[in-house]
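The following pair of complexes shares a single chain, chain A, combined with chain B in the former and chain C in the latter.
This part shows the complex of A and B:
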């Protein structure tokens, strides 16, 4: 918390940064105590480690340091997992392991990019709507209700078809459809925050709307934004897999959805389970890690919603 | 037309129909037990209740197989929309309407390459020397089946006027047929007739407008038993067109009597008549007692007589008294019913293929011991990869195309995507058609990586250098996408980069028609069994938006095509076709992939069963060995 922290919140501890203190117990900032809580949460840390492993793998794949031969036939078709091919080969003799690694790259890219699109839109609309109310609020609420009323997958499908298929289209389609949650949460919080003393004080000191919004209120709703971002991320990864499975997602690259689609055929006909298991496990572990981390993050940053 | 029809079918998630069936069954059980309880309560004493229960249980059960009789039981893959031959465009409707309706000519059952013989015509057509005028004499004494639409319920004699009426009705815009293309631009005066029919009041006002009675110059009944057709230009395959189900002869009484309901009825001259149609469940056809003009073929190949297929030669048709088509929207219940002996014939569902057929392409022994036989048949189709020759690079560099053709591993495609059921193609003409030569092999029609690399360097692109990434167009569907990936993999081996783009069928077609393509995957299935149907796919004037999606133009090929299209099957025609195949093999507008082999299963007791690429269900020729069936099924 930056500027807003100058005025202590009701019920919150005074800030550590307020000045050098000499005394017995050093009061801690809410942010610090939150991070401390998070760091002590073992399952959260394990989840974070898993996520980091995924990120590293994705970065390595992106820079072509590992899994460079994911498109080539390295062996014959449907070699079961063996020493040479840890996760076996697929129909065209390509290494399933290398394809899973590349799927990670795509999943994370889609996750980060669409979150990067969705969250700013959602936060901006939420801030404006909650702060200015009246007509602005009316319009934004109408707008997100309308967007929200369209079945999500259908909307993304339509967008993907209109924009042409591919990784970029999927990211944009997911980005511009998944901001509603963040917008709603931020709006609610802003409505609450703007009645608090620190906002009144800022206003009394002559701060303008923009300054109050972005310098004072935004930092105080940032924890919600973080939680929302991780939720959007999980949804984006999931949706990309679904879209690719349906054939409107990523083209020409081994997304997990494409792999599951391939596996669907070979699972029944030939009992080749390894591609199916690999792709779903990779997705499952990533999503599970994100969900666990997400829960811990919420517990730490927003104790009101504590689940444990 | 029939571009890539069957292989693009989307697979439906399984289980739905199964569940509804089970739900229905449990509902039926509930209803019958309720009725039984009611019976018991009313009757007040036991015997009636017992009797009622027994009766209801009998109704609830599937029919006993003990007294099957001379019945042929076959599956249908989907519910039927219509039995009107002018509107039946899908395989299943055709299978059913074929039992009732007949055409002037029909396909010979045993002869290959496919050829026609008179059916409702008395003898082959008399064709004028210029090939434009056909005089056809009707078979005398053939009557329509008895039906309430006729005065007194008695079917009347079929005349030449019925043929003229049937064709005119089919060409009436209001009938909304899919089959107009078979006559489009071919018969003198028929196009004008179709134009005029646009002004007719919509149904149901005039089922038989005066327009139908006007004489057309090109389609006339000279008398009760003679038809004369005049063509705009000669079409040697016109006889094939007269054998298509769209050209079936229907009585105008039925159309007028049933009106809008005509699509649910069938009144024809064929070996069977429709006796029951429970929508979504089954269709039953019984022998038509008035059918006397069909006889089992007496000629066939030596292999046919060795296989016992000529044992019934010359005997009157049909042999089977009753046909029961059961509708299975899902493949799994169909498969289980077939294995239980409840169906005499079945296709092999894709998901069960590995179960039933060994890698050596023979049937697993437990199926063989049940009396099941595997039947292979060559389909009249071709799968290929098509270049757009209007692309500045692909069109200009013939050697590049030749190199790509050499780098394409068609054998692997058959293994991976067709369960090994395919024949590598060397020309557009599939086996079973006039002009197919199994010994013909183009210079670039095989897989040879080294030769491909050498040719690519010779074309000026060593290792693919200097070439952009090409777009490979294909359609949605997992196996189609995988085939695209396979193509990209093949081309990567010689250094050519391919981007696979997947489109829905309408989008794909749109790109094709607007020539916005580079390389695309395509397939063609025969409309009629004549090589012309395949060779027209590369005829210059047919370029997109026509069917020549390669936009291939070769003056020699085009002039040969014009010759080939109008001369009848002869050594001369063979020579022309052969030269056309050579030109294609050299120019490589396509990379040939494969011709499909279709596999079906049948029980041994089904006799005279020969796969026929044009006729889906020539059941009138089949015979059931009831003794053998009883032996296998018991009872």
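This part shows the complex of A and C:
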């Protein structure tokens, strides 16, 4: 195993991936070959394309270019899918298509914001815990064991309820409960990495703790962080829908969970299936794309993980 | 073994304390003063001060926490704001209906998932296996809400195969539990099959399997005698990790099917912003999960000779 290949060079890509380290002298860097593996994976690229379409739709909705009239009654109630309303109208005559688009915006916003809160916390705690050990480690391990011992859904519900129902509360609740996975994984990897030669070399050259952690070790655990981020995102989207359905989530706006709640009345009352099918399909396709992409990501970047 | 279990129990104490601190901070510091809510809009300042004093809310936070810890140790979770009932009674009442749905569903789903993934691995990389993998990824991606509403509408409402909702104690409750159980199993199966398949696949490629086959064992025998026992550790891990998900299942399914369990109780408390009930559920759920973790660790020691007891 050559330690030299693990030293991130100046100007190297920020998302460094320490691919499977073999003893042979490969002409290509393991980092580049694992990204290459991901790029050549057709189903992963198709999944990525689907995710990008969702992101574009969400961005367009966010800048009020599409689905501006999701709150207004545009037609009569319970219009089945037709040329005027592609996905029909709901019980108040609002366009289901516009509501699904708005729901996409909410789902992705919650996904990105809570991942953006959870991952930095998890990575920071994981780095500190794995690097300094002793008391710092003892405290952080106790803290994440504690958070992890509270069933996720109950903790999120309790947080969202106490902070006052709403989108912000949901994002914060999901963010500050979902960092445990990343923390655990990063901690484990840092404990391994800090014994490697490149860390000793950096230390011998006089680098301090912070520099070693963030300039040298962090790039080498980044691939695991990326996998964790993707998993947190999926969980956040799923949880947002359940929280909104339970009435703790987004208030007064159509999220997929709120739509599913409305659709329940429509189904039983009129047999109007289109809002239910639209909201669940929108969610299903996004989650499917993420599940497929996650598998490929882990196949390519995590040497320990095999699905095939 | 007894020493091992004792040590494992002792390890749980700091975690339990941590949970009580977190939950206390959440509901009693972040949550704000409950007196305003209890007395309503028309209370005057004197009344509020009296009530605050009565509840001990004018004492320092650490004193309040110690008092809180003492009442928890006595199994006292306080009273519901909404129904004024003792929460410990509510927990006791809801426990069995919840258990009668969650435990059989979880067990059936887990056993079924292991069996299906064994089949998938026996026929690995062939058509049957490919179909199972695709199906399980599709199942993983479908929200539990879609499973519930779709099945309740089609199977119970439209085609009248099951009662729409209700509950009865004992075996007479079985017709009511059948559909929620079916939904539970369908929802759990996707993720489980995918996980168990990859675990078994890793084991079956090891050299001891080749040796066993060379000694003349059939594929099925090698699977049953060698692969399965070796895969038991990750299977136990998955089972324990699945416990928190029981709560999501109970919460939604009990509410949809009118089963008077803890999940239903929690949803009602959420709608009424009944803080003490949610607080008690959080503590109770965590205690259950910690207990499950300890049982899991003991099972590791039972099934894996490599786990050291000392």
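Note that the second predicted complex is superposed on the first by the 282 of 308 C-alpha atoms of A that agree within 3 Å, B and C clash if a C-alpha of one lies under 4 Å from a C-alpha of the other, contacts with A are read in each partner's own complex, and residues count from 1 in each chain.
Heads up, the rule we're going with is that a contact is a pair of C-beta atoms (placed from the backbone, for glycine too) under 8 Å apart; a residue touches a chain by one contact, two chains touch by 3 or more.
Keep in mind the model is a prediction, meaning the values are calculated, not measured.
A.B. asks: Identify the partner contact of A:247: answer first if only chain B is touched, second if only chain C is, both if each is, neither if none is.
C.D. replies: A:247: touches chain B and chain C.
A.B. asks: Would you sort A:291 into first (chain B), second (chain C), both or neither based on which partner it touches?
C.D. replies: In the superposition, A:291 contacts chain C only.
A.B. asks: Kindly classify A:33 by the partners it touches after superposition: chain B alone (first), chain C alone (second), both, or neither?
C.D. replies: neither
A.B. asks: Could you tell me if A:264 is touching chain B, chain C, both of them or neither one (first, second, both, neither)?
C.D. replies: Both chain B and chain C are touched by A:264.
A.B. asks: Of the two partners chain B and chain C, which one touches more residues belonging to chain A?
C.D. replies: In the superposed model, C touches more residues of chain A.
A.B. asks: Regarding the shared-chain residue A:77, is it in contact with chain B (first), chain C (second), both, or neither?
C.D. replies: The first partner, chain B, only.
A.B. asks: Of the partners chain B and chain C, which touch A:91 in the superposed model: first, second, both, neither?
C.D. replies: first
A.B. asks: Which residues form the common part of the chain A surface touched by chain B and by chain C?
C.D. replies: Residues 247, 264, 268 of chain A touch both chain B and chain C.
A.B. asks: So in the complex, which bits of chain A are touching chain B?
C.D. replies: Chain A reaches chain B through residues 71-73, 77, 91-92, 94, 165, 247, 251-252, 258, 261-262, 264-265, 268-271.
A.B. asks: Quick check on the complex: what are the chain A residues that touch chain C?
C.D. replies: 142-143, 145-147, 149-155, 157-159, 161-163, 238, 241-242, 245-248, 257, 260, 263-264, 267-268, 276, 280, 283-284, 287-288, 291-292, 295, 306-307
A.B. asks: Show which residues of chain C lie in contact with chain A when the two form their complex.
C.D. replies: Touching chain A from chain C are residues 14-15, 18-19, 22-23, 26-27, 30-31, 137-138, 140-146, 149-150, 153, 157, 198, 201-202, 243-244, 246-248, 251-252, 266-267, 270-271, 273, 275, 278-279, 281-282, 285-286, 289-290, 293.
A.B. asks: List the residues on chain B that touch chain A in their complex, please.
C.D. replies: Its residues touching chain A are 350-351, 353-354, 415-416, 476-479, 481-482, 485-486, 488-489, 492, 499-502.
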